[in-house]
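Right, I'll just put the structure down here and ask away after.
Going by the order they are written in, the chains are A, B, C, D, E and F; count residues from 1 in each one.
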Amino acid sequence: MTKFNQPISGNDLARFSGPNTFMRLPTADSLAGLDVAVLGIPQDVGTSWRSGTRFGPKQIRAESAMIRPYNMATGAAPFDSLQIADIGDLAINTFSLAESLKIIKDSYDGILTHDLIPVAMGGDHSITLPILRAIAGKHGPVALVHVDAHADVNDEMFGERETHGTVFRRAYEEGLIQADKTYQIGIRGSGYAATDFTEAQGWGFQHFPAHELWHRSLAPLGAEIRRDIGDRPVYVTYDIDSLDPAYAPGTGTPEIGGLTTPQALELIHALKGLNIVGCDLVEVSPPYDTSGNTALTAANLLYELLCVLPGVTSR
Amino acid sequence: MTKFNQPISGNDLARFSGPNTFMRLPTADSLAGLDVAVLGIPQDVGTSWRSGTRFGPKQIRAESAMIRPYNMATGAAPFDSLQIADIGDLAINTFSLAESLKIIKDSYDGILTHDLIPVAMGGDHSITLPILRAIAGKHGPVALVHVDAHADVNDEMFGERETHGTVFRRAYEEGLIQADKTYQIGIRGSGYAATDFTEAQGWGFQHFPAHELWHRSLAPLGAEIRRDIGDRPVYVTYDIDSLDPAYAPGTGTPEIGGLTTPQALELIHALKGLNIVGCDLVEVSPPYDTSGNTALTAANLLYELLCVLPGVTSR
Amino acid sequence: MTKFNQPISGNDLARFSGPNTFMRLPTADSLAGLDVAVLGIPQDVGTSWRSGTRFGPKQIRAESAMIRPYNMATGAAPFDSLQIADIGDLAINTFSLAESLKIIKDSYDGILTHDLIPVAMGGDHSITLPILRAIAGKHGPVALVHVDAHADVNDEMFGERETHGTVFRRAYEEGLIQADKTYQIGIRGSGYAATDFTEAQGWGFQHFPAHELWHRSLAPLGAEIRRDIGDRPVYVTYDIDSLDPAYAPGTGTPEIGGLTTPQALELIHALKGLNIVGCDLVEVSPPYDTSGNTALTAANLLYELLCVLPGVTSR
Amino acid sequence: MTKFNQPISGNDLARFSGPNTFMRLPTADSLAGLDVAVLGIPQDVGTSWRSGTRFGPKQIRAESAMIRPYNMATGAAPFDSLQIADIGDLAINTFSLAESLKIIKDSYDGILTHDLIPVAMGGDHSITLPILRAIAGKHGPVALVHVDAHADVNDEMFGERETHGTVFRRAYEEGLIQADKTYQIGIRGSGYAATDFTEAQGWGFQHFPAHELWHRSLAPLGAEIRRDIGDRPVYVTYDIDSLDPAYAPGTGTPEIGGLTTPQALELIHALKGLNIVGCDLVEVSPPYDTSGNTALTAANLLYELLCVLPGVTSR
Amino acid sequence: MTKFNQPISGNDLARFSGPNTFMRLPTADSLAGLDVAVLGIPQDVGTSWRSGTRFGPKQIRAESAMIRPYNMATGAAPFDSLQIADIGDLAINTFSLAESLKIIKDSYDGILTHDLIPVAMGGDHSITLPILRAIAGKHGPVALVHVDAHADVNDEMFGERETHGTVFRRAYEEGLIQADKTYQIGIRGSGYAATDFTEAQGWGFQHFPAHELWHRSLAPLGAEIRRDIGDRPVYVTYDIDSLDPAYAPGTGTPEIGGLTTPQALELIHALKGLNIVGCDLVEVSPPYDTSGNTALTAANLLYELLCVLPGVTSR
Amino acid sequence: MTKFNQPISGNDLARFSGPNTFMRLPTADSLAGLDVAVLGIPQDVGTSWRSGTRFGPKQIRAESAMIRPYNMATGAAPFDSLQIADIGDLAINTFSLAESLKIIKDSYDGILTHDLIPVAMGGDHSITLPILRAIAGKHGPVALVHVDAHADVNDEMFGERETHGTVFRRAYEEGLIQADKTYQIGIRGSGYAATDFTEAQGWGFQHFPAHELWHRSLAPLGAEIRRDIGDRPVYVTYDIDSLDPAYAPGTGTPEIGGLTTPQALELIHALKGLNIVGCDLVEVSPPYDTSGNTALTAANLLYELLCVLPGVTSR
């Protein structure tokens, strides 16, 4: 019998039943002893077009009930060797984006006093800035794998410097990330000027626009990124809108011509072996996909991220 | 500071956040010390038309997060004087209605070894038969307040004697209920013969068809029922399809010309003072109301039922 | 055993199963011997705002599968004494409103060579003009019970004289209806001028605006209309938008402040005894109510209309 | 030919066509000469449960295309005697509730330098606080007709003093409203304590809880309020959640047991004759009612408010 | 003029009109003379996560109305050389999975006394077990082409040995299929252990996991399977969840990273020439795709299966 | 500062705000000086299956608010060098397809007296016939790039010669297009006979069926078409149903196995350099995709078409 937390089996309790935790894992009374803390950050006040991501964590958890513990494609069995729990939601202040970003930073500082990997369910992408501040505070500047339709490197939006569209310019300016080990994958769509992309490239960011990825496997790209990062600490931030709206309709700023879920899986599979120190999955907006399938996709991507965390064994 | 469980306040944790328990109450490690156990019975294999009620408990809990602890209309404060917890879902067997009914009966027998009131979130109405078996096992034949579009007194459906449409004939035959203290409120629609209703009336059932209730307050009817029952133990079973589909579209066998939510509230308010020994709210089918409002209505009716349980104080 | 067509029982074949005919009645090889012909007219090219009524007959039939043969409130048993069948859809020309109106007229002329009552499922309200032309051709000018949010007495819409908004002015001009035995019930909303209503009143039309009917039973009004009509042949045309959008969201030109389904049922119940020579139910637009409940409501109102046809017996 | 702006007629341009202004009115190049300015405030960062009201103005305008200029029930013809235009949306800062409230205040100060009545389409209810600040700056403390499921008199929510749930406490504290001429109509549901309501009553607020209004016309109540206010300047703030969720499902904090649209119309009709100096309709959340009917209801209520503004003539 | 049944043409009756049979084919009075019998098995009590497949046959038929008789890509004209009819639904017992499986077996035994190919519209995948029992009873162990996200080889689910997840272990154990001529295509996702897949491979099952099929044509795989099967009798069972949820959102246990519809078509096209003795299409759950497009996809795949049946000629 | 119309920036006015014009461009008082006129043709009376395209222009405009002016993938900046405005909707007659087609022809004749490129948002595909009549009247027979699931070369539908399925046969017969420079891309599905396609090929039409395009880039095909057309005037007509229903579910006659959005973008990108004299995007049916994503896709494709118009410069 394992000493690690296990998801409730569908043979013990029907899948539409039981606690609404990620994969029906136990909640944790304390962070002590955890290898991985899954948590929700139910925020949408950082969005610029459709809102609704405040319900992201709740629906991702609901849909995650269908996932079983063993990864058939890769053999990974994350619950064999890691202690993983769902530690609930951060108590963000839904009326103030600025306050919420502070709360997230402070909460992560507390979480990171423990030797664990935080895995966040957003929430809009603005949550990643305070997370990176806390991550860099512990690990120093990290490599960054950023999968997204958008580069999120605006200087400001409507005069605000901290929104879901400015995260990675701030992270660069504040030295939270290693610019030349920052990979932006899936970016596409329209902008205001060529400098929207070229400026970040000038900082060292490596861009993999969606149109260069169409029709092909992302396994080679993933392998290349893995080699390039080496053993640096790395943070993975996954914006669900990196996927094509056909695959993830329930999001706030969808852009056509995006990645497919096979590509998303290839990319994540390739990250196995990296020193991942944290990750997040953001921008799921449940009101825009009442089938639940966007949240189901997000839950699966989070599960796949668990499967490539350091220390995960295979069978 | 109260010694009783309290729902998480919206000022402590944003309402779209936190555990997916009923009203964000604590879960219970043990039934000992509980006055009321709220539980889910996520079943739909007893339905005859649209399915989907298996997701009822999950969505009722999700929508219940908006309810606050104090009842503005009646002054009831159920969490001031009762220890209430969400004890999770029964582990029904979704592939076998017959097995599930046994599981429910056995589970209730266990629950009722404690001196508490079970409040069930369905699930289809077939769950009420094993519940009544357990209830009668403890309390003897009970008075029954049955709010429903349907009398649910078929002898069999497709040859089966225990489905969501045969509950109260079985309960009558088995002596689980006091026939002349059985009140069926809101029944309407089409049937196979006049005997669909008259036969049950012959057993003593008191019928209040919807069309006799249109355009008027149900407070007088509720008061009359309360007086008629006196201090007998009473079970309240609330089928959400008693409401008009305008008020509760997300249900499996909707019938037009039903009750309004004001009428539902008037009726429940009037039950204050009865010796309620258990209750349930059934037939919420989330796939048929993606707005969540049917589940929200169900959550509110369950809250109102909590407010009229014996021992609830007012402020 | 009855000699009349019966709906398939839910105990013989699960309700979500079987032919997609009205109430799962048999189709008819021939009109000979029928007392009532239920038919569909799947048209939406006569609509002025939202379209979609072309799918009305299909979805009304689908939802009608839940209705059983006996009317619990009134005792009516239409399948005990009338031969009723679903004769399918008229082969309208969906690209030409004008052609379709001719096809409807010609089809009805054929149908009415038989001594039966046609019961039409629309389709938008423009279908009623050619129906009335055929009805008047057989029965002479008829009394008209017209339940609707709109008077449908425009002279023209966008230059067209035959649309869903001009039906009853044309019917009046052509002498198809008895103007002083025309009852428009539930009309409301906004218009272009007071003459929108007063002109038709000048022809003799009797108006019962929705705001005069709020909060009260329509049984007295129904009884008054029944007495006023006497034994004249009467046509009943039921626009689903007469109901409040809360009760019938799936329609093309919804108007707030409408009737409730209890009122609709009271009104129809009161028509028992009239010499109804035909009726229709129009303006159900399935894309605007994916729950199916608007079509369910329409199916029930059609069933209630069957229950008050001449010759229907009670048990 | 009239000198006043007129909505585009459905006979000139199909209703699903044309500019997305309120009722397809012209936009205004300047505020000069306007009697009424209809405007949008597309905000949802003040909400506590479901978001989405940022799309309220856009969808209210879309659905308003079905409304014609003349009020059949009351004879009001607002476009006969008032110059009304849609002046577009305020440029709120969607990332900062505090900033947005300042922008609204400043914008209203500018608008109110003109002698016109501002009619706002929300947006969440937090917009009404800065509006009242501007209104009181011009007119002094105003009488307030507040139709809502909620009293919105919290002291703070999650530590914030200016959200959609604190508006009228702030308005009272700041002397923006005449407390004894403040009418809160339709309030209901659950709260934290009896003082949620009684404290405001202590300030002079007059409460008309929903449960005291069930089953009856609101015309008498409206008349009483009109008499009580007399010729004071009055602001009308209409929260769509005052309606029952059956009538207005698309809102962020629905409460069961609410008003009906007939009641809403009766109430507004009764306000004719008051010195209304401004009004708003708030809390329509389009993602939660994809049929558009909640927005249609809101558009109609706004139209009815236009119909009772000072100076509106009848025909 | 052909002697074979033909779908009603869209030029004879508008597509949104007419009987709700598959492709608007005639129903059959008798099975005699049929080459192919299309039938519905409206069941969902064998599902483990989302239900709703009971409405699968009804919606597949509704959406099939858009399909025309000639296959543009392949030239197949199934109605030129085969007598095909829709024989309606099996009268399953919706309250008992076990009973229903018996009914299906018995019904198929009856159907197979005729020399025809049964083509079933599910319903959940549990229907395929009794079908295979009947098929093997007539044809002996058959080759099996099984397209699915899941291998459906669990030993039991919640203690039950016959559910939608245990079908092909039972079929193997009972010798209904030729294990080394069993092809499972598209399987993926999470499981409990590597043995979930390897055990079946040990029996001889040939696995083609989805991740080995991404980004490439399935024509070669289909050709290889066709050659490998040769002239053995073969049954084709098509679980709609083999498709990616982007292509088929309306299903009960969706798994990301699935097949595309081009791949599905390539696969089916390649099966031409096989001795197909029966087939089914299962797991369409209409409540989870109100657009109807999942059912449309299912209808098209069924049509494509008709096009590769033995005896179908081309033009 | 530019002299050309610019879309409102998301930093000046929140994207969910502002005028409902295409990309929030200005409307035009006059056509004089325009290089490009974007317009809506809100029609659905030419559809044969699902309707609803009458709301296409309104929703395409709504979703276009998210597009920014600069094309990141191609560098195109259409608003740097062209004067583009949204000139509103044509005043079609929704009750008469024949009349509407005349109105469209006459309107286009008027528009084309100016030296501009008309870009139409449909509406169903029948609008393209009168457009081509006007275009050919000005430019002579044009090359035609026709992206569609359907060839739209029926001779008649239900006896009508001008519907959304007969457009290009009429265009051929009337000499509006250069038959051997007509490219039909993405066609697929079922038909009535091989001649459905071969006849048009006999006229010279070049067919690129979807199944020949699966799994590969359309850039080479686009380049080939561009070379083949040379400097001829060319019209581009884009039926959204060319896309797979996974990518564009909200359309009236979806066909599985279609193009992806990457393919659509590759194709349009390749058209840069052609002498495009007009284009349209048709068949978006909003009721069948309440997420808005189909309209978002359409808006993006229209933007991409703007980006390849003659005279567009890059940065």
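Here, a residue touches a chain if its C-beta (ideal position, glycine included) is under 8 Å from a C-beta of that chain, and two chains touch if they have at least 3 such contacts.
Just so we're on the same page, UniProt names per chain: A, B, C, D, E, F = Guanidinobutyrase.
As the structure is a prediction and not an experimental result, all values here were calculated from the model.
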Greatest separation from subunit F - chain, by CA centre: B
Rotation, 0 to 180 degrees and nearest 5, that superposes subunit A on copy subunit E via CA atoms: 120
Most distant chain from subunit D, judged by the mean position of its C-alpha atoms: E
For subunit C paired with subunit D, centre-to-centre distance based on mean C-alpha positions, whole Å: 37
Rounded Å distance between subunit C and subunit F, as computed from the means of their C-alpha atoms: 40
Residues of subunit F engaged with two or more neighbouring chains: 14, 16, 48, 50, 54-55, 93-94, 157-159, 215, 244, 246, 288
Arrangement of touching chains [line / ring / star / complete / other]: other
Pairwise chain contacts under the document criterion: A-B, A-D, A-E, A-F, B-C, B-D, B-E, C-D, C-E, C-F, D-F, E-F
Contacting residues of subunit E [partner subunit B, same complex]: 44-48, 50-52, 54-55, 93-98, 157-160, 163, 287-288
Residues of subunit C that touch subunit D when the two form their complex: 48-50, 156-159, 187-194, 196-197, 209-211, 214-215, 244-246, 249-250, 253-258, 288-289
Residue ranges of subunit C in contact with subunit E within the complex: 12-14, 16-20, 27, 40, 42, 54-55, 57-58, 61-62, 88-89, 91-94, 290
Residues of subunit B touching subunit D in the complex: 9-11, 14-16, 65-73, 75, 215-217, 244, 246-247, 260-262, 264-266, 291-293, 296-297, 300, 303, 315
